[in-house]
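After this come two complexes, each holding chain A, first together with chain B and then together with chain C.
Moving on to the complex of A and B:
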């Protein structure tokens, strides 16, 4: 009876609170209309008539992340990679050996999981390649792709992943390639500056008032939003393999880690 | 190497269809990027997913898969749902739950998995474990008619196995 009364009281309070919030306006009046800052982005993210301010992408978030505040994102990316480098250096000296015995879960789970891997790849790639058109982008795609190695580690075995060639070294090189790609895309305007002599800015996407440099907004008639598609592709590569390295290292058992990192005992 | 490319065809097609459906559009941009991504995904997963490329590309097997899909979704599922619904509505709740052995006579991973998932997905029966050496599933059955392998096979997986054999074996 007491439990029933408490439950009834909670329900009544919840209903009254939601009525107060929605009808009574207890949270204050809702803001109607668009703020001037939002208006600027909505007007300019995809605006072929105002080329000095546009990012040529209908996706406002990606435009802001990789163009309007591109340097900020670049440094965020660097922070993420420093964290992974920290993880790698913490695990230095630990060899990811390949064992013969791979237990894993049952054959049913393994079969279902392996069917999902190609689907995981294409869905993640779609998120990356449509990052300049629809919500998503390189980091989100990389996070989605990183599901594949962690599932394989759980369902098959860490040794299975290593045997299939996804080693720490491979993942490190692919991650570095992604990172180099991002740096290259950021510096391509400078190459244009050196060769043509016209002004250009680091991480520049479309033409500016005093710079004629521009990444192609369309390739073969398809909208690629200049530099945004390239940042998304390289970020996808870098994040996917950044996470893969961390998963590989974290799946090493504690005993092995301690054997290497524990140091020697001295009398 | 050539064999690997042939093996990559089936996963590649499935990957491409998934890409297009997930992207939700089929403009030239989606088709071009979709083909590139699907070829990569197909080649990466070919050895893992496909044992025999001729089996994977056999249209007769695909036809049997479609027939099985129709049989399963229209007949087997309705029958099982109706049976369990009757047991739920009946005030006496006529259930006799238990875990039984159900034998299977297939070898490949896909066949074993398909039969197991067919059993699990119909209400009233759930595969809780399997033993590939003894070739049996351990199935939780809502109404154990008899625990012997012949009865369980007859009632639970006979029809599934008949179709699955034509698709995957």
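Moving on to the complex of A and C:
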């Protein structure tokens, strides 16, 4: 009852304050239209009439993330990388042993999981591969995909995942492959500059005013939006396996961890 | 009451609710001794900041998402593009919030791992007791 009264009091105070602000003319109306910068992005994001400013993708958010403000996203990926490395280094010395174990939930749950995991993978791949066409992209797809290992860990136990070959080392190397892929796609314009001699910028996607380099916007008649699809695929790989490492480390049982921690203490 | 007044009232209500949520989450970060509760308050704070960013770029309905839904196999006409640009919401805050969410998640993971380590070493996540222990 007391909690209910407090909640009701908070709502009443907020409403009264809003009325006071409205009468007094403080604060202001929201949703007053968008800024001219937004109009620029919206007009040029999929504008074949303006080749030097377009990203050739109908999805404005992915275009901003990987083309217009691509370097921001590159550094953000680095932050993500560093955080995962921090988690791994906090768990140094702890070995993920493989052993046969029939642990896990009941047969019904396991069967349902076996049906759902492929669906999960298909949905995540679809989000990643359509990231330049519909809302979604590498991060969202990676987050959706990361659900698969954690469900497997909960339903089957981590030994099952390790036995299937998804170890910390495999996940780390796949994640590094994703990051290397991102770096490679970012550097392809520079490589083209060195080999062909015509100027290009790092992370360039389409033609610029003083550079004729361009990733192909269409492959076989279907829209791939130049570099955007490649960034999404590699980011998908990096995020998926980054989370897989963290879930593997989080699932280590307390006994093993305490043994390692205790060993350090007594040295 | 006119539409303008109702509109202004609702805008102010949203803003005051956001300010209140920020206040509560800051109080949680500063005053709660439990590390887990501090982390929960921190995530509430991050999400509120993201809501502000999205609200700034929002456009009054009828508005459409910042995804061009016209034909993709032929080049869109300039009229189609102008109609899209004059009705879609601002994509820039959404892109920045996407970045903020991912970085926030990574940082949260690291904080949670450190908290887990604190619990394993000290047997408690209460900051008052962790401070008294020496180790």
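Keep this in mind: the second predicted complex is superposed on the first by the 226 of 267 C-alpha atoms of A that agree within 3 Å, B and C clash if a C-alpha of one lies under 4 Å from a C-alpha of the other, contacts with A are read in each partner's own complex, and residues count from 1 in each chain.
Quick note on the criterion: contacts are C-beta pairs under 8 Å (C-beta built on N, C-alpha and C of every residue); 3 or more make two chains touch, one makes a residue touch a chain.
What you see is a predicted model, and the numbers here were worked out from it, not measured in a lab.
Asks: I'd like to know which partner A:10 touches here: chain B for first, chain C for second, both or neither.
Replies: second
Asks: Which partner does A:117 contact after superposing on A: first (chain B), second (chain C), both, neither?
Replies: first
Asks: Is A:125 touching anything from chain B or chain C once the two structures are fitted on A? First, second, both or neither.
Replies: After superposing on A, A:125 lies in contact with chain B but is clear of chain C.
Asks: Going by the contact rule set out at the top, does A:223 touch chain B (first), chain C (second), both, or neither?
Replies: Both: A:223 reaches chain B and chain C.
Asks: Check the residue A:108 against both partner chains and state whether it touches chain B (first), chain C (second), both, or neither.
Replies: In the superposition, A:108 touches chain B alone.
Asks: In this superposed model, does chain C or chain B come into contact with more residues of chain A?
Replies: Residues of chain A touched, chain B against chain C: more for C.
Asks: Touching A:61 in the superposition: chain B (first), chain C (second), both, neither?
Replies: second
Asks: When the two structures are overlaid on chain A, which partner does A:208 contact: first (chain B), second (chain C), both, or neither?
Replies: A:208: touches no partner chain.
Asks: Classify the contacts of A:163 with the two partner chains as first (chain B alone), second (chain C alone), both, or neither.
Replies: After superposition on chain A, A:163 lies in contact with neither partner.
Asks: Taking the contacts chain A makes with chain B in one complex and with chain C in the other, which residues are shared?
Replies: After superposing on chain A, chain A residues 221, 223 contact both chain B and chain C.
Asks: Enumerate the contact residues on chain B facing chain A in the complex.
Replies: Chain B reaches chain A through residues 11-12, 14-16, 18-19, 22-23, 27-29, 32-34, 37-38, 40-42, 44-45, 48-49, 109-110, 112-113, 116-117, 127, 129-130, 132.
Asks: Looking at the complex, which residues from chain C come into contact with chain A?
Replies: 5, 7-9, 11-17, 20, 55, 57-60, 65-70, 72-73, 75-76, 78, 81-82, 84-86, 88-92, 94-95, 98-99, 101-103, 106-107, 109-110, 113-114, 116-117, 120-121
Asks: For a test of understanding, state which residues of chain A touch chain B in their complex under the given definition.
Replies: Answer in residue numbers: 106-108, 110-112, 114-115, 117-119, 121-123, 125-126, 129-130, 164, 220-224.
Asks: Note which residues of chain A are touching chain C in the complex, please.
Replies: Residue positions touching the partner: 10, 14-15, 17-19, 21-22, 26-35, 37-39, 41-43, 45-49, 58-61, 63-65, 69, 72-73, 76, 79-80, 82-84, 86-87, 90-91, 133-135, 137, 139, 221, 223, 239, 246, 249-250, 254, 257-258, 261.
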